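Structure first, then comments.
When the chains are written out, they are named A, B and C in that same order, and each has its own residue count from 1.
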Amino acid sequence: MTSIGTGYDLSVSTYSPDGRLFQVEYASKAVDNSGTAVGLRTKDGVVLAVEKIIPTNLEVPGSNRRIYPIDKHIGFASSGWLPDVKSLVERARDEAWEYQSTYRVPTSPKILSERMGLFIQAYTLYSSVRPFGASPMMACMDEDGPQLIVFETSGAYYGYKGCATGKAKQLAKTEIEKLDLENMSIRDAIKEAARIIYSVHDDSKDKLFELELSWISEESNRQFCKVPKELYDEAVQYAQKSGDSDMEDDEDL
Amino acid sequence: MNGISSFEHPNSTVTADGTYKHTTSPIVTGTSVLALKYKDGVMLTADCLASYGSLARFRNVERLHPVGKNTIIGASGDMSDFQHVQNQLNGLMLSEHVTDDDQVLGTKSIYKYLSNIMYNRRSKVNPLWNKFIVAGLEDGESFLGFVDLYGTTYKSPVMATGFGAHIALPILRKYAEARCDTLTEEEAIEILDNCMRVLYYRDARSFNKIQRAKVTASGIEITAPYSLETNWDFAESIIGYGA
Amino acid sequence: MLQHKDGSVQNHQHGWEPYVDNGGTSLAIAGEDFCVIASDTRQSEGYSINTRFDPKIHKITDKIMLATTGYSADAKRLTEVIKMQTERYFYKHEKNMESHAAAQMLSVILYQKRFFPYYVFPILAGIDNEGKGCVYSYDPVGNMERVTFQVYGSASGMIQPFLDSQVGFKNQQNVDKTRLLTKEEAISIAVDSFTAATERDIYTGDYLEIYIVDANGIHREQKPLKFD
């Protein structure tokens, strides 16, 4: 961000001399301000985990969810500026519904991600609009198996085995890289996702948070939905236990 | 939800003089649907035929459509209008899924939604040419509701659409209505199969390949299509009609 | 409309009538400080009985009932609209709508659909702001009149002269024609009207619902009519 004040960051329709779009980069800063989201893909499914930061303990538990089902077999985990996320979610739902009511087959994740990519990109072309301050993570399953895709603020999108966005994305990515996702069951991935969210959560900055876990797998009948309560509780227990043993390790050092 | 795919005049075509032509008669049609309440819930039945006028055009059609985990809709009348309604209900159930609030849409709500669709379309003088029976179980109570192309609605322990309203309904009223609280599953099946057999003998637009469905405390069950045994010996004794 | 060369006009109307008559009969009789509203519960279409129990009387407020006949789907929608509007009135004014206000509102709601009417013959009945029994009768497009009794529906032709005689004391000499019926008289006349009508009108039958509205609130009674 060395070019602040040069005037090249005032409009999204102007490139800087070195070929950057500052407004798009600023939009990803908005994403970095929100709670961490983690996505893990295994051979048999995808799990999405979100660290939902709670600004006040007056908030009703379980409200203002940040993981959104899009279609029966597609879900988004949000990171970024919430109203922008919701707008993208609404768009994705409309696209998904339009696709399946036209072709009478489950919405193709490939097509949906293409359309969402184009839609986000369109907001990087005109000085009259503001790019989305959101970077949704999409989990889905089709005949080719489970997929995990992240949309960037530019409209670019990539598929991943594991990914992280938000506040502690670097820490989380480092943790994800240590996992053997190829040989992990989705049930274990749920636990790991929970563990990572718990471990990267910064108590000193945000006191309260709620863990959100949704998945899609053979076990969930290829439906994107909340992780069942038993598995959720098990994952939280695992996450808290690993947190405790980490502390003990620190003491040993 | 349906923002992209909504059209200003669904199921209408523009004519040369710029006016709109609406459905004025059904094209491919399904005949009667029968339903009754019994001890464990509700049961309904329909045959697998979709006729094109007097031609038995499609003989493997499913007219009992599940909506969610506790509701079944039985359709008679125009099959393309029925499929349009199926699509709308799929959209409704999808928006329920994505709401992700652990709430389920009950049978009564689905019935009201469908009734509103039907009444609103008749109020545009562009009806969906169907008679529907909505069957289900909500809060442990069985439910049977009817709605047609006029938006007319009613509830009753036994009901039938189309030709069935003339031929099967008196049978259902006699053998099922008064005893619907004690009627066993076996008895219910026997009554409905008999009604469908009588209909097959008398309704020229019916078929002996039928399906049956039930909603009980353990959910929905729709049978695979099966054939009714018939006996045409009596035809020998019929005199006239060129025979 | 298509204009032909010879000047004749071909009407391009679709041959579908958006109305049906679902039969049934409703009546209301006003007393000094009460009101009796009665309807059968049969719903029919043509020669078929759709159901034996489809109530046509609906509670609007604690003091007002609406009895309908005609096209059932329109009647149900009309009832929903009136209930919604009276509820909005309640939250906005923090009091229930008085019967004369509800009566005028019903007229307006009906007239709003003057050129695609609700095919409904409504009777609004209950207790007025002075505590007196009241009956308002309408035609489908909103013409309104306050009366002391009214009957509408498939058996109205049979019941009307009976009520004219027994409630309105018409064509009688040496009687007080302004006298209002007692509660017992009104109920018994309502019951007799329906038992008689059921015998001759195929669209009236199954069950009789009677509501009595007075200072104590709303009281409901149900009697079986003939199932044939």
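Assume a residue touches a chain if its C-beta (ideal position, glycine included) is under 8 Å from a C-beta of that chain, and two chains touch if they have at least 3 such contacts.
These are the chains along with the protein names UniProt gives them: A = Proteasome subunit alpha type; B, C = Proteasome subunit beta.
Everything numeric in this text was worked out from a predicted model, so none of it was measured.
Listing every chain that touches chain B and chain C alike gives an empty result.
Ranked by separation of Cα centres from chain A, the top chain is C. Central chain by Cα centroid: B, whose mean Cα position is closest to the mean of all protein Cα atoms. The geometric centre of chain B is 32 Å away from that of chain C, both derived from CA atoms. Taking each chain's centre as the mean of its C-alpha atoms, chain A lies 59 Å from chain C.
For the pair chain A and chain B, the distance between mean C-alpha positions equals 43 Å. Of all residues in chain B, none touches two or more other chains. Within chain A, not a single residue touches two or more of the remaining chains.
Among the residues of chain C, none is in touch with two or more other chains. For chain B in complex with chain A, the residues that touch the partner chain are 1-5, 87, 90-91, 94-95, 97-98, 100, 102. Interface residues of chain A, counted against chain B in their complex, comprise 65, 67-72, 93-95, 97-98, 100-102, 223, 225-226.
Residues 15, 17, 19, 21-22, 24, 119, 122-123, 125, 127, 146, 150-156, 159, 165-166, 169 of chain B are the ones that touch chain C when the two sit in their complex. Chain C makes touch with chain B in their complex at residues 2, 12, 14-16, 18-20, 22, 43, 45, 48, 50-54, 71-73, 76-77, 116.
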